[in-house]
Amino acid sequence: MDKVRTIKEAMEHIKDGMTVMVGGFLGTGTPEKFIDYLIEKNVKDLTIIGNDTGFPDRGIGRLIVNKQAKKVIVSHIGTNPETGRQMHAGELEVVLIPQGTLAEQIRAAGAGLGGVITPTGVGTIVEEGKQKIEINGKTYLVELPIRADVALIKGAKVDKKGNIYYHHAARNFNPLMAMAADLVIVEAEELVEVGEIHPNDVMTPGIFVDMIVGGEA
Amino acid sequence: MDKVRTIKEAMEHIKDGMTVMVGGFLGTGTPEKFIDYLIEKNVKDLTIIGNDTGFPDRGIGRLIVNKQAKKVIVSHIGTNPETGRQMHAGELEVVLIPQGTLAEQIRAAGAGLGGVITPTGVGTIVEEGKQKIEINGKTYLVELPIRADVALIKGAKVDKKGNIYYHHAARNFNPLMAMAADLVIVEAEELVEVGEIHPNDVMTPGIFVDMIVGGEA
Amino acid sequence: MGNVREIIAKRVAQELKDGDVVNLGIGLPTLVANYVPEGIDIILQSENGFVGMGPQAEAGKEIKDLVNAGGVSVTLQPGAAFFDSAMSFAIIRGGHVDATVLGALQVDQKGNLANWMIPGKMVPGMGGAMDLVSGAKKVIVAMEHTAKGTPKILKECTLPLTAAGEVDMIVTEMGVMVVTKEGLILTEIHPDYTVEDVKAATEADLIISPDLKMMSVSD
Amino acid sequence: MGNVREIIAKRVAQELKDGDVVNLGIGLPTLVANYVPEGIDIILQSENGFVGMGPQAEAGKEIKDLVNAGGVSVTLQPGAAFFDSAMSFAIIRGGHVDATVLGALQVDQKGNLANWMIPGKMVPGMGGAMDLVSGAKKVIVAMEHTAKGTPKILKECTLPLTAAGEVDMIVTEMGVMVVTKEGLILTEIHPDYTVEDVKAATEADLIISPDLKMMSVSD
């Protein structure tokens, strides 16, 4: 199974209206070349799931500025004024989720769990419309799994079987999203031969990865 | 904060009647020196949480053979006939849990989640007495977090801040248990200086670890 | 007929596709890896925490901390990766295992499986079996058709279940059966047996496929 | 009195114990790291995925992929460790953070905190704040006592909450308040203010501790 693709071959799978997860935290760990390409292709009406909407010129924020999203599901939009503007103008639906809950919801989707039982958000507007559950006298929210059609991941080193090694704080949501989408495409900073990442040090097993773009591709 | 202890200093904290998690899978990744010491001290009436009860001469199994447990919470006892014998004789309480559920229950305790929503066990005797929850028309079990007084962990390399690197399949339950006990003690195959494990490669952050035994200690 | 276990393992191997992530149970299912067709690469998952498991290690060449879920020393394939038990079962429960192959004490026409205990007699524990059967995309039971003549393929399991309604396919030395909404359908039969032979060895209501084929067991 | 932010940061720093894992919010709370007493080692957690965060990086010495949760380039301390966002919040939600220090728009005498939105005006999102306030063992609000004269310490928050009943301590330039079952108790007061000054700047019912101490703000 050869998983290595040109960026064009890989990005062809992203269509208008899809739900797309994008790794990264304020742009750190975001596959910026994929963002470049999506902007060039001008894919529209995306539902974007990520930690935040980055900055106007960095990360997911560039897709917002280019008006390619109809909805975002994130924990924070404060660093990108354009997200707030579109939200207030009714051009963009914004769903805000506590960061740790968002991480667990994506993990739950990848791990086949039916939901997440978390204390976060109890007694706040986050609990509105959510199922609650009492366990040992304490109240928790039941938060549902979050999946996507496509996950766009960034790895520092990726081998040709799709095993990924992340660098420093660029890891963040990437390993979680790699488990929670129908199609997982990774942007490799460095594409390496199988064996160059020690089996102990693989952070995302290649079994989750469908396509790899990087190196000369 | 010096975390390095002699085995004697560390094991003194394990008292009769405590609930103790022990890492490992059929003995691989089990801190055998700690088991040696607990056998020598003959600590009694333990509730032991682990993947399995190992073999009669390896892993947790040695504590069973020496009759130091009153209860075990595990996924499998088939490789240690003595566990079954004590269970049938009414000398040992055995709670059997599906392996993936057990892993998530321990993780949930460490991660501050109120429980685990899993499809595993639905329609089997595992569901007896458990709360069920319907999500999107599918039935799940609500399984509760599992914590311990002490977790006994085995690491291949451990630095003096308690950062742990595991080797091959010896990882298994160790990183999960390191998050889910009041006192976490790690047996280091190799005790190394801070910095010898790259921050990217730490598998259990030292913040979870209270005491380290290894090297000359 | 040839070696029964070999026939079963060979036939199961044909179900596997290139790139499949597969978990093989202890015993007969483990043999399946030996018969994967040329050109098909599968990735074996081991529930104690890795993908890319290779064949059993040669005596004297065991690798430290490298055993399968049964405690047997194994080897690694290129591209292997280790992880903790939560990730191992995230893979299993999350539907990232394309196929799991397990033995059974009993299996029934509704796809129920019992393979983990005989009350009062044998209580080894379910280990990872319940998660595997609930979570894998395709569940294949690989076993001898009967227990020394006593049917194991039943109308309804009497032993405690491993999972309810999760079995997709049963492969025995007599043939191949698939679980459907309509019931249990015999789709392939081994040339050494007649349909009547299979029916006699099966307690379940067996629907005979109108397209009944000969079970392919050649290499 | 001296620099208000410095006074607050210094006093908060005295709450931290050797070995504590601490998460500091953006802005004033970040300053706390500068005043940790001699001999006390704390470990800073950054919700974007690491422990062992060091001071801000010098210009020109930024390290690739090493920023804090506000996107500012930082450095590492010896013994640092990186992890993914699920682990980062397992640490936070699981009670492995000994103390979190945050600012507030409003905080009330029941320990409710509002610091993430002003409806119709400012909706940045809660980021990791809700998890931090629910999960940390000790929640310390560090802020100026009023918003240019308007009380921020209230009987009851009017803005949407970040978390209900989770605040343990409030440190301002006027003093130190602790949230108890009995209510909000003023335990320390800055020497530049009288009890009446503090009461006048506080909307909440303030219980004056019989052991009221001078707020210690020396180095």
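Read from first to last, the chains carry the letters A, B, C and D; within each, the first residue is number 1.
We adopt the following convention: contacts are C-beta pairs under 8 Å (C-beta built on N, C-alpha and C of every residue); 3 or more make two chains touch, one makes a residue touch a chain.
By chain, with names taken from UniProt: A, B = Acetate CoA-transferase subunit alpha; C, D = Probable succinyl-CoA:3-ketoacid coenzyme A transferase subunit B.
Keep in mind that what you see is a predicted model, and the values were worked out from it rather than measured.
Averaged C-alpha coordinates put the centre of subunit A at 35 Å from the centre of subunit C. If you average the CA atoms of subunit B and of subunit C, the two centres end up 29 Å from each other. Our note on geometry: subunit C versus subunit D, Cα centroid distance of 55 Å, whole angstroms.
Multi-chain contact residues of subunit B (touching two or more other chains) are listed as 104, 107, 111-113, 118-119, 166-168, 199-200.
Taken residue by residue, subunit C touches two or more other chains at 50, 82-83, 86, 89, 92-93, 135, whereas all remaining positions touch fewer. With chains as nodes and touching pairs as edges, the resulting graph is of another kind, matching none of line, ring, star or complete. All chain pairs in contact, by the document's touch criterion: A-B, A-C, A-D, B-C, B-D. Within the complex formed with subunit A, the residues of subunit C that make contact are 18-19, 21, 41, 43, 45, 50-52, 76, 78-83, 86-87, 89-96, 135. Contact residues on subunit A toward subunit C in their complex (touch as defined above): 1, 107, 109-113, 159-161, 163, 179, 194-195, 199-200, 202, 205-208. Subunit B meets subunit C in the complex at residues 25-29, 51-52, 55, 74-79, 84, 87, 94, 96, 98-101, 103-104, 107, 118-126, 156, 166-176, 203. Of all the residues in subunit D, the ones that touch subunit A in their complex are 46-50, 63-67, 69-71, 82-86, 88-89, 92-93, 112, 123-131, 134-135, 160-165. Residues 104, 108, 111-119, 131, 133, 135-136, 138, 140, 142, 144, 165-168, 199-201 of subunit B are the ones that touch subunit A when the two sit in their complex.
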